[in-house]
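Heads up, there are several structures right after this.
Shared chain: chain A. Partners: chain B in the first complex, chain C in the second.
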Partner chain A sequence: MINLVRNEMLKLLRKKRLYVIILIIAFLVPLFTYAQFKEIQEQREKMGNQDWRTVLQQEITDTQNRLSSSRIQDEWRKYLKIRLSQQQYYLENDIDPRAPGAPTFMRIFVENSIDLLLPLLVMVIVADLVSSEASGGTIKLLLTRPVKRWRILLSKYIAMLMSVSFIVLSVAVLSYVISGLVFGYGGWNMPLLTGFAVSGDELLTDRVHIVPQWQYILMEFGLVWYVSVIVGTLTFMLSVLLRSTAAVMGIMLASLIAGAILVNMVSSWESAKYFFMVNLNLTNYVSGMATPIEGMSLGFSMAVLAVWGLAGFIIAFVTFSKRDIY
Partner chain B sequence: MSNTPALEVENLTKKIKRKLIIKGVSFTLYPGEVFGFLGPNGAGKTTTIRMIVGLISPTSGTIKIGGKNVRTEFTEAMRHLGCIVENPELYPYLTGWENLEHFAKMDPSIPKDRLDEVVTQVGLQNRIHDRVSTYSLGMRQRLGIAQALLGKPKVLILDEPTNGLDPAGIREMREFIRTLAREENLSVLVSSHLLSEIQLMCDRVAIISKGAVIRTDSVENLLAEQERVIWKAEPLSLAKEILEKETEVQEGLDQTLITLYDEPQLPIWNEKLVTAGVKVKEMRTQLPSLEDLFLEVTGGESID
Partner chain C sequence: MKKYTLTIVSAVSIAATLLWLFGLGWTLQDQFTANEKFQKQKEKTESATSKKEDGNLTIFALGDSLTRGTGDADGKGYVGYLSERLKKKSEQDITLFNTAIKGETSRGLLKQLRQSEIQRQVKQADVIMMTIGGNDLFQQGKVLESLDKNAINGKKQIYLRNIKNIYKQLRELNQDAVIYHVGLYNPFSNLQDAKTTSSIVRDWNFQTAETAAQFNNIVYVPTFDLFQLQVENYLYSDQFHLNTEGYKLIAERVASLVHFEQEEKNDE
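Entry: the complex of A and B
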């Protein structure tokens, strides 16, 4: 099996797709770094000449005032307390929460690329993994070896997992290294709030707690990897089913973009939540954004994705082992 | 010729979209023989070959390679097989050597030095480290054969191996295939729609038309049956008149007449011509090309 996987990795490297992916990331990261840099500058200008410590101190006083009011709900009080300790930590440790370091940029970048950019990059790598063998005719030589078909497909699947992991890793490394040139490399321990949940119109804050940024980032990259693997598996299935790489890319692209559009307009179409493409934004659950459709949660989205991924995996292996190759 | 078959195909059928495309094909290959699979375009040669190499599953029938059933003992059967189906399509972005390495890695029983052996055998030493995308068709064909020989197969299956080669290339390929059969005791199945080619290269031949084998025999047997006599005589019209009373006569090229080869009758016909004052200048026997033969057995039907 190791030999089969090595073969697949060799072909992947020789097709130079991975280099293209790295180039794309290396081009986009400076672009976003600059955008982020501009935004921070603008915020600074709005604050005038005020020192950020003064602003933060004002915010703290503000929170304290609200806490001392007696008409406030218990749950809300708890949330405010957590927020207060976060703000105080910033002040005590001399961290400007509005001037991000490289880890913060990394986090924002990955949160924004999880539902479209990363799936697209994954798709570019995976789309022709099987279909190119079919359209190039090499599948005839590949499948007339003393190796069972499912083993050949499994070696390709493992190669897919390895390249997806590689893409996620390069996003992490490149966004950290490049943005650090501008923002500095510190900030791993900055405290962040997580644990928000949404129920109806309400933001539930009873499980909110503080985690250090490195832990937060680790969590988010875990989710990003999960989403990428599912998108990779679905693309892989299409690549088995279709001979034409262009068709694979077309279908995948259409679904991903449809997902990005649907998320903004399906709040009243409840069953749309079972589509894989409206469930891609897993990091939103960590940072506590509103869900596109009621009743969605991190667990729900991960389960929906798991079902899609598993179905894709099974369809790919069953058809590939049985199919007639013309 | 040993009598344990290298490849046995029995009663093979294939239905595609409810249309019967292969209608009960059977044949057997013995070690050391070159077997021709002859038929016009669309006869079902490639479809049969795809079933033999396990790319498509037969609707019914059995295939055994080296005694192993392709369906139930796939990996064992494939150990004994090397093939090129239709064009030799290799990875164009890899070098010839990398292509061979790629396929060698898929079979752990292939030793490292086997690569050098096959490269030398097909004579690709000079270009083996270039990318396949820079290869000519002939070189790709050689690399395809090298790839098929990697696992020291008992059976080699080549679908139209001379397709697209120039006359020198065709000749070389033909000799190469004969050498393999003779020196390595390989059974080679060669499909072709070029009748002259099969005639020169094969020991036995199966003629396939519209998905069925209509005849399997040794090449000599098939040809001997159809032997003809060419007559050169003067005056031609008189000779024709006389011969027509005895047998079927066709007019050939260069003022000749063609009749069947009927040994006991020949002297009698000749005598009749001579007594009638016809000068018989030449009388010779000729083997027909398989072309004539093919038209004969298929009744001259057109390609479907």
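Entry: the complex of A and C
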């Protein structure tokens, strides 16, 4: 089994896809770092060398003013209201959620890439794992070996898991190292609040507690990894089902982007919450943002993702072991 | 070489998998088990306590849409124009904190003053600007329809109680800063019933000024006279808030008052 996995890893490395992914990340992170840097700079220019409290207070006031306007969409109002109470909570507890530093950048970066960027990267690796063997014809060579089919697929699946972990790790390392050049490498012990719960447009704070930023980041990366594995599993399934890598990518791409769009408009369509793609934003539950649909929670979203992932896993294995190869 | 890469990447991947699994497990543990509620920090960090930077005039503005600048094409409002004027006159850097909220009533303002960050900013202020009461009285023009004396009187009593508390609170937080309370104008003075509405606004202003007089260094700045004639020229299209010209008039008036205060301070 280990040899099989080794073999798969070797194929993955030969394809040089992992390097491409790393290059993409290494290219994107400086871009975002610069954007963030500019934002901080502009804020400084506008507000003078202000205390973060003043800046945050100003933001709160601005939000309050926006809320008092009557021509505001319900959706948006809910989002603003929750963010507002959260900001106020941070302020009252004298915690700056955005104190610049590489760890803060890491956190913000990963929170923003969990629903689209990372799944896309994962997809690029996984999409042709099986389908390329089918379209290239190498699958016959693979299956003529005296090894059970499910073992071959499992070795591929394990290679997929490993590369997902590798991608997530490279996001972590690269975002830390590169942004640290600008923001400095400190800030691991900064306190952050988690445990917010959202009910309607109210923010419940009775379970809020403080965690140090390093733990917060580790937790978020755990969730990011989970999401990536689920997306990887679904892509893996498609890769088994379809011979064409392009079709696999097309379908995944379409559903991921559809998810990103749906999140913004499904609040009244309640059963949409059973789609996997509107449940990708797991980190939002940790940081305490408004949910796209009433009644979604961390447990719910993780369960939905687990069901989808499990289904994908089973379909992949059943199809692969039953299919006629010719 | 290739072999090494393979081993290294594999080893790193496996280690990473374990790390992320651990993170995931920790998330579940952290989010789903009851956590004891944390103790609120009692001691604020150093910079949270007020400290004034010298050579720098800090204006703190609070109140309702007039202070916010609703209706002004540039969104500056009278505070914006005021700080521009003062900057030119005093040749000092001016820091402006505007915490005004559209539609704020005296009750809302009192509530806002309980926030620790607002309190901190009040402490730092050299000059405090405010407008309040317009929403207590007019409530988006509702009072116009019923000019019921009793209802208005009831509102006035509540308002006066609140304004007194606001003044008291501000004075407790900051003993030195001069507070300029910009008074109400009558946006309806060109309509029918102008006599009644004007007398209500005048009375409202008078009572507020009386309350202000009980405290030190609270200046009640009248604006009624500014817009008594041809108010329509100074109103925004909603016929209630001021337009740019209107705000400039108020800024001009307040600026003349503040400037005097500043010179005195510089002489010391």
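We adopt the following convention: the second predicted complex is superposed on the first by the 275 of 326 C-alpha atoms of A that agree within 3 Å, B and C clash if a C-alpha of one lies under 4 Å from a C-alpha of the other, contacts with A are read in each partner's own complex, and residues count from 1 in each chain.
The rule is short, and it goes like this: a contact is a pair of C-beta atoms (placed from the backbone, for glycine too) under 8 Å apart; a residue touches a chain by one contact, two chains touch by 3 or more.
None of the values given here were measured: they were computed from a predicted structure.
Once the two complexes are laid over each other on the shared chain, residue contacts for A:G137 go to chain B alone; chain C is not touched. When both complexes are overlaid on chain A, the residue A:W225 reaches chain C alone and has no touch with chain B.
Of the two partners chain B and chain C, more chain A residues are in touch with C. Within the superposed three-chain model, A:R6 lies in touch with chain B and with chain C [touch as defined at top].
Once the two complexes are overlaid on the shared chain, A:T54 sits against chain C while remaining clear of chain B.
By the touch criterion defined above, A:T194 reaches chain C but does not reach chain B. Common to the chain B-facing and chain C-facing surfaces of chain A are residues 6, 10.
Residues of chain C touching chain A in their complex: 2, 5-6, 9-10, 12-14, 16-17, 19-27, 30-32, 34-38, 40-41, 44-45, 47-48, 68, 93, 95, 97-103, 115-118, 120-121. On the chain A side of its complex with chain B, the touching residues are 3-4, 6-7, 10-11, 14-15, 136-138, 140-148, 322, 324-326.
Partner chain C is touched in their complex by these residues of chain A: 6, 9-10, 13, 18, 48, 51, 53-54, 56-58, 61, 64-65, 68-69, 88, 91-94, 161-163, 165-166, 168-169, 194-195, 206-211, 215, 218-226, 285-286, 298-299.
Residues 50, 53-57, 74-76, 78-79, 81, 83, 85-87, 89-94, 98, 102-103, 105-108, 147, 151 of chain B are the ones that touch chain A when the two sit in their complex.
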